[in-house]
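Each of the two complexes below includes subunit A, the first together with subunit B, the second together with subunit C.
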Partner chain A sequence: MAAARTVPSFTPAMLVTWILFATVPFWIERVGLYQYLGVEILIFALYALAYNLVLGHAGLPSFGHGAFFGIGAYAFGLAQSNIAPNLWVCLAVAAFAAAIAGAFVALFISHRRGIYYALMTIAFGQIFWFIAIKAHRITGGEDGLLKIERLPASLGITTFNLGSNIALYYFVLAVFAVVSFLLWRLVHSPFGRVVKAIKQNEIRARFVGYDVWRYKAAVLVVSTTLSGLAGGLFAMAQTSAFPDVMSLHYSGYVVMMTLVGGGLVSFWGPVIGAVAFFLARDVIGSFTTGWMLWFGLSFVVLVLFKPEGIAGIFAGVMKGRDKIVPRPAAAPQSQAR
Partner chain B sequence: MSLLNLLPHLLNGIALGLLFSLIALGFMLILGLMEQINLAHGSLFALGAYFAYAICGAKLPLPPDVLIAWAGVPLGLRFATAVVVAPILVAPFGLVLERLMRRTYGRDPLYGLLLTFGVAMVLEELIRVVWGTRDYMMPVPRDMSGGFIMLDLIWSTYRFWAAGMAIVAMGAVWFIVERTRFGAMVKAGAHDSEIVQALGIDLTRLRVWVFVLGTMLAAFAGVIMAPLWGIRPHMGVDAVVPAFLIIVLGGVGSFWGAALGGLLVGMVVGLSGAYASEWSMLSMYLLLIVVVTFRARGLFGKKSVLEA
Partner chain C sequence: MPLFEAKDLHLRFGDRVVLESVSLAFEAGQLSGIMGPNGAGKTTCFNVLTGRYKPNRGQVLWQGDDITGKSPQDIARLGIARSFQLMNLFDEFTVFENIAIALPGTRRRGHDMIAQAYADTALVDEAHSILEKVGLAGRANDEAKSLSYGARRALEIGVALACRPKLLFLDEPTAGLGSDGRARLTDLILQLKGDLTIVVIEHDMEFLFSLADEISVIHWGQVIARGAPAALKTNPWVEASNLGRLN
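Showing the complex of A and B:
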């Protein structure tokens, strides 16, 4: 590892991202949008960053991540009414509950990869979703868990009231900044490099002596923990928690965001994807109810022609020439085209 | 609860299982013979149901007098037409999808998964745009609807008709794959594509037909499932999730694995419904986890490229 290129802890891209987000409340209403959208985008950007740890960095296609986001949301609400109405306690419970659920799932699927990994995560995601819908007494079933409060953030000396969308936005931005910084460090740590090696060639990584199972389990748990944290923030933003974020559709949306933004090639890709997703929802959605049709079509086109996503296109333009997508080699199993 | 009381749950479970097997079989054809995962299978299933509704209910984009004449035709004949024509109408969607999927051949299987997921989203949204979000009920001919009394219990007639149609379709697939030259070529192609191509067989063309066959099976399942489940935009997801659960359970690439996996899932759902009807759908996921924990490749699975 000593010979590996060192990556700075801080990068200009990181600062630019944070500063750009920090200015959003000043102009978002002038361009015809609204403050709450900013909160939504930031929370999902955080969620997509956490998700990309699994998809982009470890190469594990999880299609059931909505479950962990939802578990975090429910845990936040339940902790508030049953444990203590304290912001830090509730967020910790949200992250912890999603971590436990992630660890449970990791026990069953960490020896798998590829399609099987996708199918098993769908199955587990459906289990959690199903429980959330049917356990009326705990989760409120399809009516959802209502009356979740936006708790004030107490920092010992001062306390911030997060009741307004702008205050909540800056709180979420602070969490986002901390988490994205830590994730950046994690991805470029020795741990992150082993995960990358496993993505490239799992068998070879095992032969070199890494306990692949443990790394895959760990990366899933870290990702679900942070997804749960994002879910807790979302419960606070919505002041309620609903089972629909746990459905296969929502689990798919985060996959779409991550890929459209360019999560496969870029650390910040998922953030771009989350912005694109919500802008598409609100901007295309204001012209037609079938906005998902257009977003879905652009997703399909990107998967086919530019899996590197928006970040990949941007990088290509920056280099002054279009990066050529490596043509799929003649398929081993077929005479493609 | 005595055994006799459980009998209807078991029989209903078997009927449901046969329908699940049918949905899973089309999915399995594409997965087992082409090594492509088709998450849009459920959307093709849903399209089949919607087209069948449009044919049965005479809601087609045709001149009004043709429609009035068609609405006068007995429902039995309209239903029979829907069973045959709806899968044919859905087949072009499968053709286009196969065309798109060719770009992902030879790449990480993740791309095929992502592509078909995106297509599933697009098709579902297309259904919402064309037909709206409301539920539709599929009319069933009088001879097939209603119920009958056996062993002092009321049984739904259509359920047995649907199970019967599922058996016929599965028999046809078994015959095509196991007893025809086409099936032999396709299976050989999945086993060793280079040799098969060296023998002068156009594997690309064969694969198109496999994909179309899988698509038409999905649509056919959608048509016969429509009266039982009702028709709504997300019925595709409701169908595709059990389908690939059955495939993982039965083992990738195995005809009998899909058939038996479907039956098992149907029976487990049926029997658990006797005790806790609210939670019955959860039982199939638990079954999957139990089986897969002890048999990593499912009941009849062989090693496949999907594990790589």
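Showing the complex of A and C:
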């Protein structure tokens, strides 16, 4: 009998990532940065991981994902003032609203692929962005939705105040850990493998009996749900929600994070990309206002010469190290002659 | 009643008629061949029978039930599998996973988002037994894209077999194979013959005439002859269609 083929639920890379992030509040100010940056990085790392489910794992080029992030942000704010000022309720509403929007979009685009899929996602992204700007009475239009509160996290026996950036950081880290663990399981589940098969060969997947449309729709909905969750956290972090995160250029940011980090070859690539993006914004941005020019150039260079991104470069270095074989011991003199 | 039947199929692409009044019947447990010159409409016919194209007219029957116009996935789930003339594999998957993903057991659990994909040892065993059958047992962990042409052909058939079909369509399985590869494939098909109903499109007349119980000849989008291999060799329509290699 052959052995089962399984992957570990917890990997060294996963544990190292979580532990490394857990140390950030202790040193981030010592290196000249600030606590809120850590919150932003974690939220966008979560968003990029969710986005990569569609781009990297399913091979579906969605270029309007900012819409779902934004819908999550607005839904969080609206739920707070209209349903209940409860963190769990508001986060659930944020995720649910983005899921509904994702399901609606999936209905129209799941039979498409390639450039047509990309164009449709851009079109839907623009529609949602336009609605956010024009529905002034609901979203606040271009002024945004203000006075969103950082709600306390009630765990029944105790309640955590998330008012400070450090407390919010650890809350977001907990969400990030849970979501990254679940996504890791998902990409190695039967569903994840089918999605990967569809990415490689949609026609063959249909001829071995998979309803490709359903899988493409389902993976988009999972991704938009988690993007909405990230959007809800972002609304809480910045205590407001604005339409700009739904715009095309904001949607482009998550694509850049994912590709620069190496989401096409590595599960953790989007996290690396999110870190690189925000560090570039703040570090290069401290020297020049044109930081995006330099980050954009590095994006172009990576896509041209190393499309596997930073994770791909790292994997290449490690592979190269493995290939270095130790020099054989010197032959005995008699043989050497 | 034949296991699978096509009645009076018509298909046109724009103003070009590709299939015209094509009727075919495949009996359970038999190996049927389809031959004809390049561009005759053989692969298009396969594409209609397996759901890729919907015919403009006519019927496709499976065990007497009308399955005309059903999607490829619905047809695959009935137990009808196919291989492709131009190889259609999951190139980034290992050889093992190409087989495992096509197993009905994996398909049934396809919406499970939490469990491990290949934790079930029975499923892993089943995949390995198919790999053994197609001669790829030693290559289970290799990426499909790293295989030689002959090994990819074998994997192509392995993926179709993994669907646990009752009816197997093979589209030019010997294309590009050397004499060794062809001999291995003949052995494999002989092994499968009897357990499965098989339909083969083939240009290699020697191969087809040595295996088939019945052959249909398609030319100009029509079935111009049908019968046992021996009878077909002397069929005047077949001779007129310039398939000179028959004699």
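Quick note on the criterion: the second predicted complex is superposed on the first by the 315 of 337 C-alpha atoms of A that agree within 3 Å, B and C clash if a C-alpha of one lies under 4 Å from a C-alpha of the other, contacts with A are read in each partner's own complex, and residues count from 1 in each chain.
Assume a contact is a pair of C-beta atoms (placed from the backbone, for glycine too) under 8 Å apart; a residue touches a chain by one contact, two chains touch by 3 or more.
Keep in mind it's a predicted model, so treat the numbers as computed, not measured.
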Partner chain(s) touched by A:296 [first = subunit B, second = subunit C, both, neither]: first
Touching partner for A:85 - first (subunit B), second (subunit C), both, neither: neither
First, second, both or neither for A:185, with subunit B first and subunit C second: second
Touching partner for A:163 - first (subunit B), second (subunit C), both, neither: neither
Which of subunit B and subunit C A:122 touches, first, second, both or neither: first
Contacts of A:131 with subunit B and subunit C, given as first, second, both or neither: first
Residues of subunit A contacting subunit B in one complex and subunit C in the other: none
Complex interface listing, subunit B residues touching subunit A: 34-35, 37, 100, 102-107, 109-111, 113-115, 117-119, 121-122, 124-126, 128-129, 190, 193, 197, 203-204, 207, 234, 237, 241, 244-245, 247-248, 278-279, 281-282, 285-286, 288-289, 292-293, 296, 305-308
In the complex, subunit A residues that touch subunit C: 1-7, 182, 185-186, 188-194, 196-197, 200-201, 203-204, 206-212, 215, 218, 222
Of subunit C, residues touching subunit A in the complex: 50, 71-73, 76-77, 81-82, 84, 88-93, 96-97, 100-102, 104, 106-107, 109-121, 124-125, 128, 159, 162-163
Touching residues on subunit A, where the partner in the complex is subunit B: 59, 61, 63, 108, 111-116, 118-120, 122-124, 126-127, 130-131, 134, 248-249, 252, 255-256, 259, 289-290, 292-293, 296-297, 299-300, 303-305, 307, 328-337
